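Next up: some structures, all given as structure tokens.
Both of the next two complexes hold subunit A, though its partner changes from subunit B to subunit C.
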Partner chain A sequence: MSDEEKGKHIVERKYVDDSRIIEPEKLEIGGIDVSGHWGTLVLPRTIEDFDNSMLKKVKSMPRGKNIEKCWQCGNCTAICPVAHAHPEFNPRYLIHIVKMGYSAEVEKLKDTVYFCSGCGLCSSVCPKGVDPQGVMIAMSIAFKSKKGYR
Partner chain B sequence: MMYAIVDPSIFLSLNSIAILILALTIFSVILLFMRIRSWGVEFTPFSILTSTFTKDRFSKRVRILLNVSLRDIFFLRRAGAWCEENFHMYGRGVLMWGFTGLLIFSVIGYLFNTIFGHLSFFNPVNLLIALSQLLVFSGATMLLFRRLSRKNIRNSTDIHTWLLQLTFLLIGLSGFLSYILSLTGYMNFSYGFYIMYISSFVFFLVYYPFSELAFLVWKGSLLTTESLHEELAK
Partner chain C sequence: MSSLPVLVIGAGPAGLRAATDLAELNIPVVLVERRKELGGAPIRWKYHSLAPDFTPTEEVLGPMIKFCKNSSNIEVIEEAVVEGYGGSAGDFSVKIRKINGEVQDRKVAAIIVATGFEHFDATVDPRYSYGKAPNVIGINELEVMISEGKVVGHDGKIPKRVAFIFCVGSRDRSTNPWCCTVCCGVSIKQAIELKQLLNDVQIYMIYMDIRTIGLWEKLYWDSMEKYGINYIRGRVGEVFYTGEKLLVKGEDTLVRGPFEVLFDMVVLAVGIEPGEGTKQVASALKLKVNEFGFLAPKIPNIHFDSGKEGIFLAGTCVAPMSVEESIAEGSAAAMQAAKLVSRTKIIV
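On to the complex of A and B.
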């Protein structure tokens, strides 16, 4: 079974990694055939790789220094005109995963940071003075730095 | 090489200004390189050259690079696809078109002037320079108006953003006024604005490597290089 077909009946399938879905082609329990999607198992998401080096790098840049003030209200994403057109670009979530050091998630989403058009609307509505536009600039640089993920 | 619409011989010779601007341009490119290196990144805008000028499929690389640059940057496809805020996008676009035109037509004007002697005010090259200056002024005005008219954006704008946009405004306004005043016969005022025009451009060359524009140049060239590699891999 291909990765695309695996777990296709799961609601919001795109949010579940392929590797976390177990769907045996032939499964019999107590004489009852539970093959196919009846036997689908979604493994819990466990994050094992925490790496705070990216946070340090972002904080070391002038406009990234306030990243830790973020309390995840989501105003930045709500007002972002780019996020409306391209939901995969989510400033709130990018800040969250960098703060938490979810390196695997950062690796997966790091290219979306370059979607930022620099309009500054996010910084204008941030109640904590995080300056998300500046943080996006700091992240763009940090993701390409020699000591970064790439 | 800022070609003078107004005869600058009263203050400086055209060649002196050209040499000054050329030297400062080289200096600012070095500053830009050093600034970007200080970020700890390997990629610099000059990496585009190493990605393009290789023996392997050279003509295809140049063709793709031109296509991508024109389509994504110059005709705003990338900005248009990413951003729903049209006023901001077109403000940047008008500024970029005007500034590109200003650089190109100034160099052409300088060369024409050197070869054929002083060009008349109504020469097409001079008119194109004036039009470019008007575009720079309009683009900078749009960007500044957007920030000034909305309190939240105004309060959260970085000082370097103001400074950069004001510099563009001054370049466009002083250059255009210098031209218009020279046409209407107010030569003293025209010379004054010409000096302001050259001074603001000199300031721009020294300042931009330390402004947000350095990041925009870096990011633009990074994405262009990535597009080049993607197109080559197809």
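On to the complex of A and C.
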């Protein structure tokens, strides 16, 4: 079943991530057929753990070493020409989810890191010397070096 | 110069500094303390060190306590409270009652009120399960553990993941609406000390705003950059004891993400509120109290002026503040009292 078809009967379906909808193709419970949308289950979006494995990886790279200095002011995203054109690319957000280890969110957004044009404006304005451009490069390498997050 | 002494109520950082300064000017002082030991909050709750530079508490308060105990100009009356007063500036008569019931009437030239604060009692706010779940402690309790060099849970286990919850009993209409001004800095200081003590511990600070004012900002930067302490912006809705660990429910507002994560220990950054001593002295000396229960100075920007001639205020009985500010306010109040005492000489 394609992702678009999954849970299509859910009201305001667009607000639920595809990955959180479970719809069994064939399931029978107590002799009753609950296949397809009868057995739809929406997983909660609650963050249940912090996973610092990706942070360690990014931190170990020369240009990613300053990631822990970030205090989420958003100066990088404010000046980023790409972020103004593509709302899905947000360097501040990427840094935060990697730093905190929100693995599901990283898994969802990891491809947006390649939107970075490498102009370096963010690194010139960062008040904490995080070097967000470098962190984006480190992240893109870190994400690529591993198939999944886990 | 009037030979009457100056009465200092409260022997915390502000009161000790005021008494020390006056005694050094050769003005006699009567120092009244409700508790048994001198030193106020930092000694009572065994503060290990003081923000922002990890100065040992002993180094800051020790010399003043020693001076007040030994100076021939200072008469220390412990376990006593001031119950009433009469007369006017330069010639007050006050009633001092010891806990054992003994009452003495004294003549004093001026009164300095430095009755300090109490930490917020976190049992009042049930969402944190303080007092019900084990391993939920206040920053005052963690400070004692750090002083003893041993931070463990109720079962003696070393915590692997610790959450600090900021603004407990502060900035909240259901408890106290003001900011305690120091708990951010103190919590971060403790987190760094905890990291130095237990190398492997993961620390998460759950905050609404980080208010490390002035030079205290260095603590905040160092905690992130040198110690890898994590910051989550949000406010905790509930702490739930699973029987083994503490489930902390909150939201990371930077990612719009609700979280429910297990922790081994939860430290509550309990705020500052006016203590029993401040309430008692306000009624005994008929001082004005502001909407928050702190003693109200005549002009909010001039803390030492109580609005009553001859009665001066200093320290956290006026507003939440750090130890360094309290010490400065003690000195300021002492100067006002000294001015009054020398003026009395001209009049008499």
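Just so it is clear, the second predicted complex is superposed on the first by the 100 of 150 C-alpha atoms of A that agree within 3 Å, B and C clash if a C-alpha of one lies under 4 Å from a C-alpha of the other, contacts with A are read in each partner's own complex, and residues count from 1 in each chain.
The rule we apply is simple: a residue touches a chain if its C-beta (ideal position, glycine included) is under 8 Å from a C-beta of that chain, and two chains touch if they have at least 3 such contacts.
The structure presented is a predicted model; accordingly, all values stated were derived computationally and were not measured.
Following the overlay on subunit A, a side-by-side fit with no clash is recorded for the pair subunit B and subunit C.
More subunit A residues lie in contact with B than with the other chain of the pair subunit B and subunit C. After overlaying the two complexes on the shared chain, residue contacts for A:140 are found with subunit B alone; subunit C is out of touch. Of the two partner chains placed by the overlay, only subunit B lies in contact with A:117; subunit C stays clear of it. When both complexes are overlaid on chain A, the residue A:25 reaches neither subunit B nor subunit C.
Of the two partner chains, neither subunit B nor subunit C is touched by A:5. Touch criterion met: A:48 reaches subunit C, while subunit B stays clear of it.
Using the contact criterion defined above for the overlaid structures, shared-chain residue A:85 touches subunit B, although it does not reach subunit C. Of the two partner chains, subunit B is the only one that A:125 touches; subunit C does not reach it. With the two structures overlaid on their shared chain A, subunit B and subunit C come no closer than 19 Å at the level of C-alpha atoms.
Touching subunit A in their complex are the following residues of subunit C: 202, 204, 220-221, 224-225, 228, 230-233, 252, 254-255, 257-262. Of all residues in subunit A, those touching subunit C in their complex are 45-50, 52, 68-72, 93, 96-97, 99-100, 102, 105, 128.
Subunit B makes touch with subunit A in their complex at residues 39-43, 79, 81-85, 88-89, 147, 150, 152-153, 155-158, 161, 212, 215-216, 218-219, 222-223. Across the complex, subunit B is touched by residues 57, 61, 63, 81-82, 84-86, 114-115, 117-121, 123-126, 131, 134, 137, 140-141, 144-147 of subunit A.
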